[in-house]
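One chain, subunit A, appears in both complexes that follow, with subunit B as partner in the first and subunit C in the second.
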Partner chain A sequence: MFTELKNLVSNPNHCMSSKYFIGITEKKVDGSFLIHHFLSYFLKENCRVIFLSFRQALNHFNSVGNKIGNSLSIAKEQGNFCFIEGLKSLAQSVNNGVLCGENPWDQTINNNLVSADKLYMMLQSKIKDVSFKSDKNVVFIIDDISTLLDTGTTVVDTLAVVQYLQHLIIQELGGTLIIGTNDDMGELDDDKNILKNYLHHSVDLCLEVSGLETGYCKDVHGQLTVSWNNTVSREKINQRVAQYKLTDKNCAIFASGMSSAVL
Partner chain B sequence: MIGDITEGREKSKILLVEDSVSQSGRPLLISILHSLCKRVEKVHYICFDREPGFVKACLQSECSSRVIFHDGTSNILGWENKQSLNVNCDLVKYLNDSKGHHASTSVAIVCDSLSPLILHRSAPYTCQTVTKLASAKIQAAEVDQVVCLLHKDLHDNHSINLLHHIATTIITVKPPKFEHFLMATHTLHKRLSGKVIKLEEHFTLNNEYVIQDITEVKSIDTSKVAMETSQPDPTANLTFNLTLTDKEKEARSQVKLPYTYDQSRQDETLTKSVGEGKIFYQPDEADDFDEEDPDDDLDI
Partner chain C sequence: MTTSFQKKTRSKVLQIPGAKPSIYNNQLLISTGIPSLDHILGGGVAVGTILLIEEDTYGNYARLMLKYFCAEAVMTGHSLLLASADADPEQILKELPAPIIDDPGKGEATLEEPSHDSSSDNMKIAWRYRHLPKFQSNTSGVKFGHYYDLSKTMESELTQTVDISTVDSSLCACDSKQTDGEFNNPGYNSLLKTIQEKIMANGFSTTTQVEKRNILRLALHSIGSPMWGEKGGLTENEMYSPALPRFLVGLKAILRTAYACCVITVPAHLFCDKAYVRRLERLTDTVVEVDSFVGSDKEKNPVYKDYHGLFNIKQLPCLNSLVCNMPDSLDLAFKLRRKKLTIEKLHLPPDLSETANRSQEDPLKNLKPSSGCGTGGRSNKLEF
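For the complex of A and B:
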């Protein structure tokens, strides 16, 4: 957990571990530090975290977790952490035939494509399994959902999965949903653009990570825009922009242009 | 104009509120919902986007009894086998079948939002549904107005244009240009007479979601332009006078220059002096001024 990041994104009016929807968009930079942060934050908050990763294997998260003082293996033993592997199994399933052993993703595949309703049914049964075991708040994290678009799933199907998950996690279980997506191509990729905009319209907290406009810098790694959306509010969108620098075990946050390298 | 439309003084059967990521149109939709509650007996609020509780929390107590929420978010595609509203439902039939909400005179329908309907069905289907809703009778009550929210950054131009054709008023919500306003709107209103009105306005909403401080963008813009063009006057703080008053200009125009041809002056000179040669300069009609230097050929 990165304390400075926690202070930046926390909302005084709303508890993040109940009925909350967080969207993470990254543009041409790696925003996975946010996923690591939320993983450790919600485990420390004593929530049950279910994590679907399309980008990295469990080992990666284990080793990063150990570095930042968050042991996923202990959390798993205690039943607070459930990892759904999406990187290898999804690739095997959509690439037809190169299967090694039993693959849970097979049941979600129809004509070499991920079928949205079957995917949701699979996720729903896993989430319900975990949530029935205790009354702790459930946190479901997907990193990153735009991988589904890359495997050929239509944007409409992907949005349907998001909406069903939103209802299940937030309305039925009263938990938190975190969905990451990438926006590397910007306006050029229509599908990812629609997915990003849809998330923007639906989330309570939107985090956008992007590179610096002025290009690469070794002391400032990127820019983080935090927006607290309340689409029924009579006030303007509450937005804060900060810059960050990632070190081995920490994430330093500072106001734009206030890096110690500049001052 | 925006006040007339939202308060119902300007008749509009199908009202479309378009928003985008940069500015949500939902506060305006809630403002319209409050005004509908004062005008019609019941308002059917169809939720396809966010759950009903999200909007319910913002409603004034006197309105809540008039609004009937229909939740379409829990099972939007009908994947789960339960009888609930989804995008495959015939909305007119669904509203007619919904029990216990009898209204005898007039009802209004608010759809929040049309985007899932367009994405999961199609734009033509959505247009058909909206026009059907506008002309339908819901449990013997006339539909007074259909108000729809649309996230326009989730659709292509073709789909949005189709909806523009069936809507009688299109309000596009934008972030305001000036800090003290909540939002800006571009309104396109098609009157029954056929006249089309386009207008840009800024406004704020008060605690009861009533539109306030409506300002037309045009008037703001002209005042801004006037401010920009009023440049400092260089003759303002001089120790001498460079400008002339009207009286001085008139006096100057009456001054006769010496040696100019003038009948009275010629007569005067001719009568006064006898035997003296006089030169009178009378300018030619065509300009006779020679631009070339007359001494140009001299080697001085």
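For the complex of A and C:
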């Protein structure tokens, strides 16, 4: 958990661990530090975290977790953390069974495509399994849902999965849903743009990570735009912009142009 | 920032010939065969990751980089799987650059045996080193990274010392009749199958226990070219074809649990859409682009006269660490000398001529569209 990041994104009027929808969009940079942050934040908040990763294997998250003081293996033993191997299972599902090993996603394939409702059914049974064991809040995280688009799932099906999950996690279980996607090319990539727009529209908290407008810099790694949607009072969108720099174990947040490398 | 002087225990890292742990994040690295490229990428390519090279227009420089990668496999004793549909993989293996062997004992034995008596006795340069022992004190066996001489090719006896398997165009040709709809490409499928079988059969998987751990290098040449049955990344109904992304997802999943490392060159300029290329980049770990000046206006530009092309880093990996290696500068260029390919920081030559090229447009402006700070929208800094 990165304290500065936590202070930046926290909303005094709303508790993040119940009925909350967070969207993460990345523009040409890697925003995985946010995923690492939320993993450790919600485990510290004593929630049950279910994490579906399409980008990396569990090993990666274990070793980063160890560096930032968040032991996933202990959380897993206590039953607070459940990892779904999205990368491997998806790879097995979409490559005609070329990859060996048992595939828990066998039933999600329909006509050589990942089918939305079957994928949802599979996730739903996993989530219900975890949530019925205790009354802790459930947090469900997907690091990059646009991988489904890359491998041929249509944008309609992908959005359907998001909407089903939104209903299940937020309405039924009263938990938190975090969905990441990438939006590198903006309007050039139609499908990803639709996905991003949907997320921007429906989330409570939107985190946009992008590179610096002025180009590459060794000491400032990117810019983070935080916006809260307030649907009830119809106020102007509340927004904060900050820059960040990642180090081996931490993430430093500072106001734009206030990097220690500049001053 | 406070530092605690605790000595890190690095006992867990395996000792594999030709591989070393990264000084940044303890990740196991292997060399690409080009020392300057290794340096830029933070020491080398991490085992278990994919390095994507976006080819230059004619693919010459990217193919050369692939040859370096293969030659490094021969020199370190790693296993190699070379796949190419555009060129004959056997031919690529014959054209590997010859290593420069700086160990005097070894060098004489392999290279200068015929003219032995004429050269060895009358060495006058460095006479004071004559009594030094002839072997080097470095007894670690295989060192990290080798230097190569492009003007010579590697002897075939040397190439045969390591385990090399090749995959050629027959793989995709024989299966092309049998189509699996528009989502999968039979060529990629069988390539993935070959890789998977190789990893399982030779014990490169992280789950199998072997006595002597070795690393598999995968060199895949021109994946996504028409020879693989790719139609510019599109399906019949003009949608983005998911075949190549599916292959990359499969490859990534295999590599994450194997002692293997993959270099793919992709003719990115043949794809329909930049957004599609970006999707491919997202599915791999490290992405570099080779942008040669051949045939472009930049070839004639005096600013670039020392270089053969630009070298763009598009993505760096952060496997098992929060942050990737951040190089000082991303303005890089490469040049091909007679004997070697080097990648270095782009320096502009001093402007010595009286009739300087001031009238010309600043060529770097187009290169870095948003890097200027403060100078507003003026086209030239000298303009008022």
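Just so we're on the same page, the second predicted complex is superposed on the first by the 261 of 263 C-alpha atoms of A that agree within 3 Å, B and C clash if a C-alpha of one lies under 4 Å from a C-alpha of the other, contacts with A are read in each partner's own complex, and residues count from 1 in each chain.
Rule of thumb we're sticking to: a residue touches a chain if its C-beta (ideal position, glycine included) is under 8 Å from a C-beta of that chain, and two chains touch if they have at least 3 such contacts.
From a predicted model like this one, the values you see are computed outputs, not experimental measurements.
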When subunit B and subunit C are modelled together on subunit A, clash or fit: fit
Subunit B versus subunit C as contact partner of A:Ser202, first or second or both or neither: first
Subunit B versus subunit C as contact partner of A:Ala160, first or second or both or neither: first
Subunit B versus subunit C as contact partner of A:Asn238, first or second or both or neither: neither
Which of subunit B and subunit C A:Asp189 touches, first, second, both or neither: second
Partner chain(s) touched by A:Asp117 [first = subunit B, second = subunit C, both, neither]: first
Spatial angle subunit C-subunit A-subunit B, Cα centroids [nearest 10 degrees]: 110
Contacts of A:Ile68 with subunit B and subunit C, given as first, second, both or neither: second
Partner chain(s) touched by A:Leu246 [first = subunit B, second = subunit C, both, neither]: second
Which of subunit B and subunit C A:Gln171 touches, first, second, both or neither: first
Which partner, subunit B or subunit C, touches more subunit A residues: C
Where subunit B and subunit C come nearest after superposition, their Cα distance in Å: 16
Complex contact set, residues of subunit B against subunit A: 20-21, 23-24, 26-27, 30, 49-51, 54-55, 57-58, 73-77, 79, 116, 119-120, 151, 153-154, 182, 204-207, 209
Interface residues, subunit A side, partner subunit C - complex: 30, 32-33, 36, 56-57, 59-60, 63-64, 67-68, 87-88, 90-92, 94-96, 98-100, 111-113, 144, 147, 150-152, 182, 184-185, 188-189, 191-192, 213-216, 218, 221, 246-249, 251
Of subunit C, residues touching subunit A in the complex: 24-25, 180-181, 183-184, 189, 192-193, 196, 200, 240, 242, 245-247, 249-250, 252-254, 256-257, 273-275, 278-279, 282-283, 315, 318-324, 326-330, 368, 370-371, 373
Subunit A residues touching subunit B - in the complex, by the definition given at the top: 117, 120-121, 156, 159-160, 163-164, 166-167, 171, 193-194, 197-198, 200-202, 229, 231-237
